Structures are given as C-alpha cells and as structure tokens.
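The data blocks that follow each hold one structure.
Shared chain: chain A. Partners: chain B in the first complex, chain C in the second.
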Partner chain A sequence: MKTLSTKIRESYSHVPLLGWLFGALVAVILEHFLGDMLADTIGLPKIPVLFGFVIILKKPLLIPSAAAYVSLTYVLPIGVIARMSGSLVNKISSKLFNLSIVITVLVHLALLYAILHLWSDISAYRVLMLKLTLIAIILTLSLNVVNGYMGEFSCSHPGFMALGAYAASTFTVVLFVNDKLFGPAILPAALGPFMFPIALIIGGVTAALGALAIAVPSFRTRGDYLAIISLAFMFIIKSLIENLEVVGGPRGLSSQPDLANLPTVFLWTVGCIWIVNNFVTSTIGKALNAVRDDEMAANCMTVNTKRTKILAFLFAAFWAGVAGGLFAHVLRYVNPGTFSLQKLAEVLAMVYFGGLNSVYGSIVGAVSLSLLGEALRPLEILKWIFIPLLLILVMIYRPTGLIAFKELNVRNLVKPKQTE
Partner chain B sequence: MSLLQVKKMSHDFGGLRAVNNYDLTIEPGQVRGLIGPNGAGKTTIFNLITGIFKPTEGDVILNGRKVTGMQPHQIASRGLGRTFQNLQLWRHMTALEHVKMARYSKISYGLIGAFFGTSKRNMEEKENEEKAHNLLKMMGIDHLSDQVVINLPYGDQRRVEMARALAMEPKVLFLDEPTAGMNPEELIQMMDIIRYVHKAFGLAIFLIEHRLKVVMELCEVIQTLDFGHVIAEGTPEEIQNNSKVIDAYLGKELVI
Partner chain C sequence: MVFFFQNLVNALQWGSFYALIALGYSMVYGILMLFNFAHGDIFMVGAYIGFGVATGLATLASMGAIALPNWLILVLTIIISMFLTSFVGMIVERLGYRPLREAPRASAAITGLMIGIILETGNLALLGARRVRFPSLIESVTYDLGGVFVTNKKIMIVGVSLTLMLALHQFVRRTKYGMAMRAMAFDTVVVPLMGVPINTIAAMTFAIGSALAAAAGILFGVAYPVLDPYMGIVFGWKAFVAAILGGRGSILGATLAGFLLGFIEIFVPMVFPSTLRDFIAYSIILIILTFRPHGFFGEPYSAKLRL
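Our next item is the complex of A and B:
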C-alpha cells in the first residue's frame, strides 16, 4: 500500500503547478458542459454542489453515485491531464518562467480565476460560498499578522470587520442607492464599480483608526491584557452600531449595491495575499517576529518596537476592514449581531487551525474550515461537535497549526519541474 | 572627544541603590573591561547605558550627544551595539535573518517598499543580505545561515549574536560575558574573534567578564565594581595587585 502511494507521488513529482491548473480547468469545463448529463445517468438529482459531501450526509444511499461523480468529473480528468501533459506543460512553464516572473504569476492567476469562475457558474450557492471563502482568507491572513507573526492575542477582528462593513456600506449606499435612511442617490449607478475600491479603502481606514484607539493604550502591556482590551473593543463596536439609528441600529443596514462580484472579490484577495506576503518577508515585517520572540533584544538591535507593533495592528485592522466591506456587499445586508463572538471564534479557529506565522497556513485554514463548515451543514448541531473536535486534535498533534512557520515563496511555487 | 561618556550615573531599584555615582569614559578604539563579583551591578550598568533602564541620576553622552532617557533602539542606531549575558536570540528566526534584522535602522525603502515589493526594496534587501553573509563568514558560520538559531550549538549561537551586534555598524560594542559557558577551546576562539573585530572595525569595546584571563589579556583599562561602586580602575597589572579588588573577590584577611 505504501509503495503504491509513493509510486503515485513519484509519477506526479514532475508536474508543475501549471499542469495541475490545466487539469482542473479541463475538469471544470467538463463539468460545465457534461455535468448535468452525468449526474442524471448516475442517478443524482442534480450536480453535487460541494464535491458530494452534502448529498452523502443527507442521503447516505447515494454515496456510490456521489463518489462516482466526484471521481469522474474531478479526480480522473485532473489526474490524467496532469500526468499526460507533464513534459509539454513543463516546456511552457519554463518558457514563461524565463520570460518574466510577473507574467508567469499572472498566467497562473488567470487560469485559477477561470477555474473558479467555471466551477462556481454551476449554482448561485457555489458563487456565494466561494466569495465568503475568499473573504475568510483575507480575514485569516490579517489576523495571522497580529496573532501569528507578532504573537499577540487580539480578539477585536470582528469589531474591525464591522467598522469596515458599515463604513464601506454607508459610503456606497449614500452615493448610489435611493435609500430611505440616506435619501436619493448622488451619483449614477454606472460609476459604482469605479468607486467600490474607494469604499473598501474607506472601510479599511476606518477600521485602522479604530485599531489606533486600542493600540495606543493597550501596547503598554502585553499578553492577556491586550486580549481583554480587544475583546472589550469588539463589544463596544457592536453596541455602538446597535445604538446608531443612522445606520439602522440593531435592524442592520441593507440594500448595498451589488458591487462585490466574483472577479472583484478574487482580485482583492489576491492583492491582500500579495501585500501581506511582501510585508512579512521584508525586514520591516520580520521585525514583528523579532518583537514576538524577544522584544528587548529587538529594541537593542535598532528595531523601533513600539512603531512595529502599532503598524502591524493597524495593517491587520485595515485588511479586516476591507474584508468587512466586501462581506457587506456580498451579502448586501449587515447587522451588528453578525460581528460577535461567533465570528471571532470562526476567525481564530481558521488562524490556529491553518498555522501561525504562515501565509500558506492562513489560506489552508480559511479554505478548509469554510469548506468544512458548509460540507457538514446537514449534520446540523453535530457539526459543532465535529469541527471543535478536529481543532482539538490539531492543537494536540500540531500545536502551531497545520502549516506553521512556512514562507510563501511564489518563485518556488510556479517554477517548472523538470524530470531530469 | 571621547566616544562615550557616563557622568555621575546612579540608579535605584526601589530603595536599593544598584549603581552609585558611576563614571566612564571610552575613547575610540579602546578596549575596556568591567569586572566585579556577582550582583555588583555590572549588567545593570550595561542596561542603563543602552537605554533599557532609565538612570535615576546622571547623564550618558554618546558621540557628543546626550542620550539619557532615549529608547534603546535610538541609542543603538547612534552607534552602540551590544550582546547579552544569556543569549537573547529570536528563537524562530534563522541566523541570516538575525543579522539582517540588526540593519533595521539602515532601511530606507519604507512602508511602500515593504508592501509592494518595489525594486528599491529588493535592492536594499539584497545589499543587506550580502553584508549579513559577509559578517557570518567572518564569524565562520556562513554555512549555517539558513538554520533556525535554536538548532545551533551554543558556541555558534554566540557567534550569531556577535554578528548581529556588528551588523548595526556600531562604534562601540558592549559585550556582556561573551565567554560565559564556553569550554577552553571555544574561549580562545571567542577571544580571537574579539581581537579580530576590534582590529577590523576599529571598534571600541566594553566588556563584562568573569574570567580574569579574558579581561587581563584583552583590556587596556579595567574597572572593578562592588555593590554599585567603582572600587578600582586601572591597567590589568594595577588591578591584579589592588588590595581592594582582592578583598572584594576573596574577602578580607582577618588579622588576629
């Protein structure tokens, strides 16, 4: 058995990332055109939305059909194409790689987007889930900057998210929507997509300003104190919004214009990953690690520790705010109740499950827990036993998370893999 | 003009006067030693001068500028490098990252560079990396540059710390017991390193040491501290024959 799995791994070791992406693209194209037919012949009521998980849990009798569907549409095409196209894709990949790293990365991203787009085209549910997963990546990554890279325990992320969500929503609703709270639209709706980045940045900056309010007093202390202060901040923001009738109070704020389509969310997520990765690999970002591991030594080695800490906190809050803005425009409704303990537990779980101090880890944590949360939905209450159990197991066997302390090296990721 | 001057510095921990009326002058390129029994206040003096503690009284003047009350990183970037008694390395970082980190104050690419990976940032990072590699080579541990420091043997950790202190391009280097916990062979290597960096960089060095062999061989001037007071100051020979120093270390001879 072991020899078989090593054999399989060996035979795929020369497949570059580009090969896998080609395989996935073919798989989603197949599903796009033949999915309905295949599901019909196998005896499934419709295309399984989430790799068959939901169907399996709802109707256990359909397990063989769902397994057959998944292996026929995803596993088989990806496996075959990745294996077959190995040498050709390696050639393309090395050509691209020699040309320029920027173009290589852009080609990979374009392919990835095409795959996600085609995959999510099947149902509105997939689109929504994909968007929320991408937003979760931004959120997890930004919290990892504080909790992982800087080693503090901050609990205020839902608060920052709320600030971002409400600031961005207010901005777009005032400008583009005839709303009974804010009056008629100021600008024509056609300008929406151009103003949306500004709205998100306003959301991020608002969150960063909120962060400044807790960073200045709480960074005089460390550890538990910051956790408590930030937790208090989260509740303050929640009750502040609940009592702010201008933005709808506890009833929430709705009728945001439909600006957060899939490409927008995808671009912002990619941008966030890029910027965060740039930051944490620079010496300025590495200073966060130095502060975490030994603050006094860092200070004696010319690192401005106070500035470093505040900067990291504001940076994380900014991205949480952007994530909040996107979140509000994806759901097109927000209420203060959303940004409470449940959200906090979700984000913290994603960070600690995926892995501290690692961009990979955050992506893995956000994607796997979002998928798991959706896939296990039919289990209802049991879901809340299963997921925490999984977290406990991860904490026992890998205390720092699945992929901790690993740098995201884009160059290594996209480079061609020659067999010889 | 002297490089570093400490004038009438005192420090109280609560009711305890840990350092009393301490004076120090370090000339460029001088090697000075500070010895004294355990608990005499040697490390406290280091912490006071480097800004970790704020002196209750007195002034520290570095390069003609008063630095009393400044943050440690401000004092450090004005040319005061140090190592620690019990190795304060960053446990998750590699040797190379340690040395690069000490060049933090030399970075000029700013946040824009950090966020967007501009070419200026790449150039500066590359330059710093080269300098860091050179320093590690000098310490003879360049082959370990990608290792996380907690995996390194003790002697190499000391070398990483030394390289890190040198990376900030100090004019005066404070070494807090650089040979603590070393075996005789490592001790000789460390002494060679100290001599070498003294020559190569023209550094002034101020070191705390328990092993008299090290201080006697390396230092031009030695201060002896006991209960926060300087009880003797002079050349190694003078110190060796000073009765107060002998008393402080061995206790007074009882005359019956």
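Our next item is the complex of A and C:
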C-alpha cells in the first residue's frame, strides 16, 4: 500500500524545475487578472497579500475563504500545470539543456523574475517585502561565508551594512539629488540607473576597507577573538556615523534617489548567489573549509591560512556593503540606529536557521524568516516569542541549521527529469 | 582635582554594574566556552524580580505585617532576588544550553540570543510597555568629603559589589566546587572523566552568574530607579566585551575590565563631546585587544576549539 504522499511525490517526480516555474507563472498570471474577482466571490475584502497568512491570524473567521483562495490560485494551477505539462516541458528542458547551460539558466531566471514581478505587481507591500527579502538573501549569504564556511563568529555585519549604505547613499545623493546637505545635483537624474552599480560597488569596497581594519589584527590568533573585535567594530561604526554631521548624524540620511527597483535588486541578488557559490566551491572556498576544520593541518598542506581568511572576510564584507547600499536605496532613508544589535540578531538568526556552510541554506533561511516575520505580524509582540522559540527548537534538533553543508549545484537543479 | 575625584566616585559606581555582569559572562565563557548572550537579559530579569520582591516586602512592612527597617528590606531583597534569579539562570542552562553541549558553540550562542529576546518580549507581554519605578528603600544621604560629594547609596553599591566579587573569588579559590570549576575551565574533556559532574558544575556556574547579575540589577535599580524590559541589551553587550577583555574565565580580569569600561564611559564625556563616548570606549578596547589578544589575564586556549 502506498501512502498518499508517496503517490503524489511519485506522480510529480518527472516534473523538472522548468515545469514548476511554468505552473507558478500561470498561477500568478491568473491571480493578476482574476484575483480581485475571485477574492470578491469568495468573500475576502481584497487579494490576500501574503498567501493568506496575515488574514488567518487577523480574522480567524475568514480561514476557509483564505484557504480556498490559496488553493484555487496557487496550489491548483501549479499542481495541474506542472503535472500536465510534464512531458512537454521535459522535452523543452532537455533541448535547452543540450543547447547550453548558460541559456538554460537564463531562461529559468527570466521565468523566475516574471513570476516575482507579476506576483509583486498586486501591491506595493509585496514589492517592498520582496526587495527586503532579496537583500536579506545577500546579507545572509555573505555572513555565511564567514560564520559557516570559515567557522569564525563575526558580529560586524550590521557595521559593514552601515558602511555600504552610507557610502552608496552619499555617492548617489551628491550626484543626483538637490539636497540641503550636499548641495545641488551634479549629474542629470537620467544617468542614475547607470551609475547605481558604481554606487553599490563603492559601498561594497568601503565595507571591505572597514573589514580590513578588523581582519589584520584579529586573524593573528584563532579563537573567539574575532567575535569581540567585530562587535566592538560594529559599535564604533554606529557611533562614528552618529557623530558625522556631514551625513546627518543620528537623524539619518534620506532622499536617496529611487534607483533600487525590483529588477535591479533581483539582478544583484542573482549575481551575489552566483559569485558566492563560485567562491565557496573554488579552491579558496575549499581552503576556507580546511582552515575551519583544522588550521594547523591546512597550513601544513600549503594553504596560506592568513591570506585565505582575510580574503574571505573582505569578500563577505563587500557583499554586506552591497546589501547595505541596496537597503538604503529601497527604504530611501537610513539612520545609524537601523544597523544595530537588532539587525545583528536578525542576520545571525537567518544564517543559523537556514544552515551553515550552505548556499541553499542561506537562501532558505533568509526567505523563510523574512516571510515568517511578515506573516506573524498580526501577533504583534508575541511574534518575538514564536520566532525565537522556533529558532531554539531548530538549534536543538538540527544544531547546524535546516540545510547545512549542502552545495548548490545549478546543473542538477535545471536538468530535465526523464522517467523513461 | 575635586572634579576628578567626583567623577572617580561615579566611575566606581558605574563600573561595578559592568563588573558584576561581566563576571557572569566570564564564568560561563571560561568554564563552558559559551557566549551566554542571554546574560544581559538575566540582569534585566533580576532587576525586575528585585523590584517585585522589594515592592512586596515594602508593602508588607507598611501594612505592619512585618516590622523591618528599610535597610534590612533591601538586604533581604538582594538575597531573595539573587536566590530566585539563580533559578532563572539554571532554567536557561537546562533548556537552552544543555541540549546543545555537543553542538557547534555558535549554535548555542544563537540559542542564548533567542532566549534573551524571549525574556525581553515575555516581560513586555506580562507587564506591558510602561516602565516601573524601583521603590526607594533607603534615604539618600550625601557626605561632603572635601568637596567630593558621596552618597550613601554609592558607598553601598560599590561596597556590595566588591564584597560579592571577593566572595566569588574565595569560592572559586577555596572550595571543592570552585576547584572543579577551575579544572573544567582548564580542560572540558578530561576533567569529567575524573568524576567531576559537568552538569552540576554548569548549572552552578549559570546560577552564580545569574545571582551576580540580579545583584547588579537591584543595585542599578537603587541608583537609577527606572526599569524597562530592554535595559539589559546595552548593558549586557558592553559587559560581554568587558568580560572578554578581562581574559577567559579570569575573575580579576573581568572585574578590572568592568571597572575600566566604567571609568572610560564616565571620563570620556569630561574631555570630549558625550556623543563620542561609545566610539572612544570601543576604540580603546580594540587597541587593547590588538596588543593583548587574550585579554588582561587570559591564557592561550589549552584545548582545540570547536566551530
């Protein structure tokens, strides 16, 4: 006797990733055009913004309607399309796969972007949440390089983020905005989108330079030294920015140009995942793992441990800076208080929830905790009891996180699944 | 000069809070090699327990149910709250840290962080967002020592802190349990094989650390009688830095570093704008750690560190 779940799993085993993406695309197209009508018919005030979670917690009476809505718009179309189109999509998928891996990946990404774009098009709230989630992915990945792959405990990520945010914002505000702090714009606003990558890279490089200040003294010895130095560094950066009247001091810096639109954030996130994944699977990444497992042995095996550690740390700081730059341009306002202990707890939670030493894990951790944080919002302060409890349970039963030590293999992910 | 001594007195008081909290961090870190990030919030819980006990005793005394002078109420409050808060510490150890003893140490640190958040939020949910006033049990009397004003509260705070630190020092140096703790700090693998019960010692470490944090919380409440659920965060993280600065597991080191932090924080605003306080304090710590990576009295690690 087969159980229902194995039956379902078997009947979907031949569906490649492309099939799921097609299904999701159809689902979001349906929601985009028929969502309002459907919500109205079922008795919901408007389209549930977050798969009905918020509605369920706010008005328990609407649970059946929300469940019906979610199953009608998401579960049913995705399930049916993925199942039905299985053989056809497999053919397309294998054609693409034989053509070139680059094109295959690009097609998948284009589909993914289309899905996210259509999904978030429904409300401004979804767009904002999506952007912040994507930024959280960058941040989590970069912290995982230090805490997971290198096995140190770094607490300075909010500091790097602050450096990146302020450097990038200063750059764009000076160039493109008539600001009372920095004077009139130097360049026409039309150039903004082209200069934005430069701004982000400046942010990342600033953060990396800051990281150098920690890395040089702290990698002389092993141990928990980095934890303290980086913590002190985070406080120093926050205090420094609070005292810099040029960038607004404790009042914060606002009026960043609206450059971080969804495609930009998406592209940077994808780029980050790609580069970090290549970094950790490269020789340097393997050297980093060797340093974590046994520094002395790694040293004997000709790994230049000090250089490897500093390089990885700067690399992580760079991405944290980029994330900070994006963050500042998404919210279009930053103040030093944002980059404090709360942010630190958030990022650490995402890394350790998702899983150490794993690109998959970081993505899962960032997405699930961001979603959870938003979905549990109606619980108000009780949210801050549920999420920590969940994390403690994860730590107790899976001490290294949900999906730890798993490599992201793109080729396996996109390849067609033929059953015959 | 008078100005200097006046600030010295204030710095001694401010440093005693840091030193008392730092001791708890330092003991747990020295013996179990864990960052107990929940410790700052245990300080907060201790202050609130102290508030509850003090209010209860003061009400009883005013109703005439017990005839106690106010200073005795304060002493009783400190003792009862230290006792009660030590159980909070043991519960935190039992639920949050013991299941993770074989796990990567960083995971345990995350658990501590999360327990801290739960304690803050739990307090907020139970008592609401309003701040509470710690009952003023002793009248403030000011003594004029050649221009330097010293209140009896300050003397009491510094005196109680130093007494507790000395008591802890004697406990760790002179008793069998203290010896077990020192042995555990030296080697966590072999010492349990020699028949030292690691669970008892771990629970005891947390209990003592939490009791000291509770004492710090009550003394803080005496000096600055407004308590809020998030008061432990900043204090906790600063004391954590002080504990590491003192050196792994060193009681003297943690005490000195706590006082040093207090001195820096009081004396920096004398010379520089007060907004630069954190910046200068942490820069000094960073410089010290650059030249003494293991802190004041720390030794290089004897056993190999796990992740």
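As a working rule, the second predicted complex is superposed on the first by the 418 of 420 C-alpha atoms of A that agree within 3 Å, B and C clash if a C-alpha of one lies under 4 Å from a C-alpha of the other, contacts with A are read in each partner's own complex, and residues count from 1 in each chain.
We adopt the following convention: contacts are C-beta pairs under 8 Å (C-beta built on N, C-alpha and C of every residue); 3 or more make two chains touch, one makes a residue touch a chain.
Just so it is clear, the model here is predicted, and its values are computed rather than measured.
Enquirer: After the chain A overlay, clash or fit between chain B and chain C?
Expert: Pair status: fit.
Enquirer: Who contacts more of chain A, chain B or chain C?
Expert: The partner with more contacted residues on chain A is C.
Enquirer: Look at A:L382 in the shared chain and tell me whether it touches chain B only, chain C only, both, or neither; answer first, second, both or neither.
Expert: Touch status of A:L382: second partner only.
Enquirer: Looking at the overlay, what does A:N147 touch: chain B (first), chain C (second), both, or neither?
Expert: second
Enquirer: Touching A:L240, do we find chain B (first), chain C (second), both, or neither?
Expert: Second partner only.
Enquirer: Is A:D224 contacted by the first partner chain B, the second partner chain C, both or neither?
Expert: Only chain C; A:D224 stays clear of chain B.
Enquirer: Now for A:F182: first (chain B), second (chain C), both, or neither, which partner does it touch?
Expert: neither
Enquirer: Per the contact definition in the header, classify A:M395: touching chain B only (first), chain C only (second), both, or neither.
Expert: Once the two structures are laid over each other on A, A:M395 reaches chain C alone.
Enquirer: Check the superposed model and tell me the shortest C-alpha distance between chain B and chain C, rounded to whole Å.
Expert: Once the two complexes are overlaid, chain B and chain C approach no closer than 11 Å between C-alpha atoms.
Enquirer: Both chain B and chain C contact which residues of chain A?
Expert: Chain A residues touching both partners: 292.
Enquirer: Note which residues of chain C are touching chain A in the complex, please.
Expert: Residues 29, 35, 95-96, 99-100, 102-104, 106-111, 113-115, 117-118, 120-122, 124-125, 233, 237, 240-241, 244-245, 273, 275-279, 282-283, 285-286, 289-290, 293-294, 300-301, 305, 307 of chain C touch chain A in their complex.
Enquirer: Which residues of chain A touch chain C in their complex?
Expert: For chain A paired with chain C, touching residues are 147, 151, 153, 217, 220-225, 227-229, 231-233, 235-236, 238-240, 242-243, 250, 292, 341, 345, 348-349, 352, 356, 381-382, 384-385, 388-389, 391-392, 395-396, 399-400.
Enquirer: Spell out the part of chain A that touches chain B in their complex, as residue ranges.
Expert: My answer: residues 275, 278-279, 282-287, 289-290, 292-294, 296-306, 311, 357, 405.
Enquirer: How about chain B: which of its residues touch chain A in the complex?
Expert: Listed in rising order, the residues are 50, 52, 71-73, 76-77, 82, 84, 88-93, 97, 100-105, 107, 109, 111, 113-117, 121, 125, 128, 164-165, 168.
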